[in-house]
Amino acid sequence: MIDKADTAWMLVSTALVMLMTPGLAFFYGGMVRRKNVLGTLMHSFAALAIVSIQWMLFGYSLAFGPDVKGVIGNLDWTLLRHVGLMPNPAYAPTVPHLAFMIYQAMFAVITPALISGAFAERMKFSAYVLFVVLWSTVVYDPVAHWIWGAGGWLKHLGVLDFAGGLVVHATSGFSALAAALIVGRRRDMSKEPMLPHNLPMTAVGAGLLWFGWFGFNAGSALSAGQLSTLAFVTTHAAAVAATAAWIVIEWLHRGKPTVFGALTGSIAGLATITPAAGFVSPDSALLIGVLAGAVCYVALNLKPILGYDDSLDAFGVHGVGGATGTLCVGLFAALAVNPAGANGLFLGNAHQFFVQLGALALVAAYSFAVSIAILKLVDAVVGLRVSADHEDNGLDISLHGEEGYYL
Amino acid sequence: MIDKADTAWMLVSTALVMLMTPGLAFFYGGMVRRKNVLGTLMHSFAALAIVSIQWMLFGYSLAFGPDVKGVIGNLDWTLLRHVGLMPNPAYAPTVPHLAFMIYQAMFAVITPALISGAFAERMKFSAYVLFVVLWSTVVYDPVAHWIWGAGGWLKHLGVLDFAGGLVVHATSGFSALAAALIVGRRRDMSKEPMLPHNLPMTAVGAGLLWFGWFGFNAGSALSAGQLSTLAFVTTHAAAVAATAAWIVIEWLHRGKPTVFGALTGSIAGLATITPAAGFVSPDSALLIGVLAGAVCYVALNLKPILGYDDSLDAFGVHGVGGATGTLCVGLFAALAVNPAGANGLFLGNAHQFFVQLGALALVAAYSFAVSIAILKLVDAVVGLRVSADHEDNGLDISLHGEEGYYL
Amino acid sequence: MIDKADTAWMLVSTALVMLMTPGLAFFYGGMVRRKNVLGTLMHSFAALAIVSIQWMLFGYSLAFGPDVKGVIGNLDWTLLRHVGLMPNPAYAPTVPHLAFMIYQAMFAVITPALISGAFAERMKFSAYVLFVVLWSTVVYDPVAHWIWGAGGWLKHLGVLDFAGGLVVHATSGFSALAAALIVGRRRDMSKEPMLPHNLPMTAVGAGLLWFGWFGFNAGSALSAGQLSTLAFVTTHAAAVAATAAWIVIEWLHRGKPTVFGALTGSIAGLATITPAAGFVSPDSALLIGVLAGAVCYVALNLKPILGYDDSLDAFGVHGVGGATGTLCVGLFAALAVNPAGANGLFLGNAHQFFVQLGALALVAAYSFAVSIAILKLVDAVVGLRVSADHEDNGLDISLHGEEGYYL
Amino acid sequence: MKMITAIVKHTRFDVVRRALMEVGVQGMTTNDVRGFGRQKGFREVYRGTEYEVRFLPKVKIEIAVPDEKLDAVIKAIEESARTGEVGDGKIFVTELQQCIRIRTAERGEEAI
Amino acid sequence: MKMITAIVKHTRFDVVRRALMEVGVQGMTTNDVRGFGRQKGFREVYRGTEYEVRFLPKVKIEIAVPDEKLDAVIKAIEESARTGEVGDGKIFVTELQQCIRIRTAERGEEAI
Amino acid sequence: MKMITAIVKHTRFDVVRRALMEVGVQGMTTNDVRGFGRQKGFREVYRGTEYEVRFLPKVKIEIAVPDEKLDAVIKAIEESARTGEVGDGKIFVTELQQCIRIRTAERGEEAI
């Protein structure tokens, strides 16, 4: 039976998650140098277009369609066949099936867009388009099926991932690491400081991401009520705790708390709480937030030492945050909070922790390995990187024939 | 009977549609030259103020008040008399009448703001204010009554316009064409390139417009449930298809896909699906989106050849998109999708297509002709264009005594 | 009993109010000089983190926890003990108690952030952090308890404050006045014009604030239905009337209507209607809006004469607006509109007006006096102002070691 | 060789550029400046506080020319930049001792 | 005639402008530059990566003056721009061969 | 003393800066300019309208040097800025009559 309130809530949540992709565009767009701002915005807007189409054509069917051996959906639901206005009880029994489909579409969209932070300022647009199509099909859709699809084998094993710590953040984060390694460092890295050209734009992006994240996490309850309220509160709790943690740590470590750090902390907190949002209590969420801030802070400070060029820290924030959050579910989850969840290690259930750890290892390894294969393939077909000249002149003029500003 | 879920959904949708007007301000504001950014923002913010007041004073009564011969509402509801907290069953039986009124107010607001793209960078602010008041009263309110008002004659004839392809986009688009012709070309046109000064700001605007458009189209179901879900999905489908189409066409035609093109495509898709959102299936919406991208792409590429100066393509996107969408209803509509709609030509009902075509011709002609009359009148009273000096120095300093940036 | 529609509405409203704090960041951030943009953004983002944590730790308990003599809540609800997923009938009987808590958290967050406009461009960040913690605890939490807490003594006396004219705007506004006086004028004031560096960013902020304000005011109905619809409509009515009033007055007075003025007017209208939103009719709201525009316009034009440096007019807009609105409740309130409210002076109930006036005087005096004490204390402990050198070089480089733009 | 520095109005810039090309100028360097002079500025009012903005946006054009072209170039600028109103701008001429084209290491008038 | 080019701190700019007007300067052209010199730059940290920013924002002021005013103008700049701290900036003087007011076609000192 | 003005590509700027420091340059002033020359510009298409953008972003570097350092500095710039492609830029040299360090009132070569 369709519940109007649940439907209203899911549609609002879908709109909120949609807004996250433009939000990500601004978050990333402000961080690059002026000459690459449009190229960076394009990554997110193009992902919105490409993945939404892929999703309606066949992606949704692969991820959520009738199960094939726990590994993938079959192609019965291509072009949204059988996906109509009646609810699908296997997923969301109180809203139209199409509402669930479009909600999930927004998740599929933002995930590859997140990866784009790893190879910003140097990838060919044709390579990007190809990469996104392949990656969505070969990485995102299967992993989503394993964990969220009816019949998915990891779901079956009891892996908990409330709103995408594994499906969204671990897949994109570890693929980002692969991409940073395969695509290589930016030419200018040794020559000039890579300063963000417009931090206020990054702040606009962070604000919209935070706002949209309520739809991402609280919407994942798929219904308006107690569970969505819980996820809403834990989401905010982790975000603010991570923001505060980052400010404090940076202040102590570097002498000055940066705004860019505070914004980064907030996104780290949001990414980290994502898998746990519906399974932990608000006070656990505060702790998870502090942890998120600390762990991602360390990750970002290690990057210059390790020397790979994850330009906008897609791995350092989403990979590390998603991994931390996935493990936190295994530590902090409580049946008292959500009877559909589990108890974690701190409530004596070490099993859940190891399930989470195993799933994380698997998803991370799968994403990393398959991304390398895809990138090699794309490199062979169209070439991954722009020419040195194009890179020096910036993607905006070279790839898109436009400039961001005539101020 | 008031339904809480429907009311929540309508209020959220109203807020979303409200946000579109600031969104339009940024979309347009980024496209003009730096010296006119505030003048351009002002068009949208002023429309928000002026039309909302006009609407509460008498506009709503003209558009939706008790019918006078199918042509206009009478003045019984001036100052919101009889518009209270009980539902009005003729429009939205499950939400307070005031909720329907304020939802519609946001439509009335954005429509003239859309037109402002046609005469950006050169119109007097006093002329703009006068134009908006007159245009809302003499064009928007009657046309809204014909198509959406209880007793409206076009509604009676079976014209379908789900969320404003005729009422919003065709009226504003064809009035924009009139305005571009009457107001004339910008002085600098032959002298310097008219480059957008801040495309990232345009992207912020596009993101907010897209987000708000879910309220525009899915909210037009006036209730949370299957129809709103359908409209939500078709809206997104057309937007992404048009974005992708634009990218592909521009890539093939010009060699480089621009971000500005992608954003333009998305708005073209959204404008085009508007009249059809609740009457067609998601896969038809994908097709409509592709069509929207292609048709508006051609329109914009013809403009330099035709030589009129529709500065920000209010006609090329909204006029052409709204017209295309209105005809698409006549092609793709399906009773199976929405029993309150109709079948279109592709389901054998040529009648609906001709009804749509006729209504389009009429609304376009009416909007075009009356806009010319209004503009001539305004020109006689206060003068339409700023002085050459003001135009050269920019509207920001000349009309508003401010500058956009001290960067 | 939990109502799903009310819960959905409250969660959406909470997200909307959350967005207001980033919105405020951009609104304020655009007004300062380029060298202080990040320092100004930081004020809002830091308040979001700090106050949310304080709120979950003990602030919520102080404000809404079990009453102690009408003056304050006790500490029973620290760390959200007893604040769970069942409704608390004393506050919001149809949504989870946690939903009410997180909704109120967003109000607690934005209030001190509003104050930051008074001392922008010159306060130490350490002083700001300390100030925010102390102020939230000693000013916001008690005043919220008096007026909104179960058992609060001003509530008991019949003071009406729908969404925070007293609790949010009067407290922050009069504290801002105290801060402007104690912190002193900016060094550059006599040397150079203090021009806003990025008015389009201020417009983005204003757009998001307006959008979020629907959650602020209509959400304060704590339920989706007639009252939320009423508050939504009055909010919009006052905002547009104040915008229009500002444009007209400035046009007449100064010869040119500024965009900055229009945006300021809209925020003035929103602040002013806040306490009245659920108690007055839409046409009263239009009048209140006009009044808001006029009164705040005069206040801002008096500032250069009086000579204190309320940099971003936190007092001139929120103090003056909140006070005006609080009195307007006493004038325009109507039992016919909301039986849970009262009649105001214009309906013959002078009593309500004096109750409002007394509460305003008290809250204003309390906020002003206690803020002075806090600021003196903070000054003694860490010093309020940055060094002259830091002020000259700007907060971004001096305090945060970053720059806003590399354009 | 001479270095000509012209301060002109934004709104004349494109006309000046074309006039320069017509007299055979093949290179120039420009940037935005703010000029102060006899031209009255704008009164800007921000939230009730008035500011007199005396520094107005101008474009600075720098053109290295061989001596024999000096007069033609000056004439081209004067004619194209003039509107007859205050604020039309200035032309400054200084002696250029050396000019080098980095790409080819050419020197002197050949390098212009 | 001379062209005086002064590089000064942003925070002194308004004081310098007023000092210039007091000694009778009626025109000048300014723009933002980034200067590198003895003054230590700022350390900026972006997400864990440190950058030493050595190019600091300065204002460049260009003033054409008749020879007899040269010393007075230099003195005015020196006194108004000086804070005594590293980074106060520089004054450069070059010979100006010609100065033309575009509006009136005046030439030489009259055109300044 | 001489004033060296170099117009170079953005992408060479950091290399040039380092080369300058190696030959002992301790101060310079830079700003962004738009240059027009032999280098072909970019074709930009905005919504179906094509524009030929001929003014390309360059960096202008101004360096005051004592006469004896002139050749070394020019050599450093030439070598570090050269890519061999059109658009590498120009070096201009003018006579500097006076240089003053505002902070100390030093004059002449000491002030550089």
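As written, the chains take the letters A, B, C, D, E and F, and residue 1 is the first residue of each chain.
The definition used in the following text is that a residue touches a chain if its C-beta (ideal position, glycine included) is under 8 Å from a C-beta of that chain, and two chains touch if they have at least 3 such contacts.
What you are looking at is a predicted structure, and each value in this text was computed from that prediction instead of being measured.
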Touching both chain B and chain E (chains): A, C, D, F
Count of contact steps on the shortest path from chain A to chain F: 1
Between the pairs A-B and C-D, the one where more C-beta pairs touch: A-B
Centre-of-Cα separation between chain E and chain D, whole angstrom: 18
Distance from chain F to chain B - Cα centre to Cα centre, in angstrom: 50
Between chain F and chain C, distance of the C-alpha-averaged centres to the nearest whole Å: 51
Sequence positions of chain A contacting 2 or more other chains: 3-5, 8, 12, 195-196, 198, 204, 208, 254, 256, 258, 260, 401-403, 405, 407
Multi-partner residues of chain E (each touching 2 or more other chains): 31, 44-46, 53, 94-95
Every chain pair meeting the contact rule: A-B, A-C, A-E, A-F, B-C, B-D, B-F, C-D, C-E, D-E, D-F, E-F
Parts of chain F lying in touch with chain A, wherever the complex brings them together: 11, 13-15, 42-46, 53
Parts of chain C lying in touch with chain E, wherever the complex brings them together: 188, 191-192, 392-393, 397, 401-403
Of all residues in chain B, those that touch chain F in their complex: 193-196, 250, 254, 256, 258, 260-261, 264, 297, 300-304, 313, 316
Chain E contact footprint on chain F (complex, rising order): 3, 17, 26-31, 64, 94-103, 105, 111
Chain F - residues contacting chain B, complex: 44-49, 51, 53
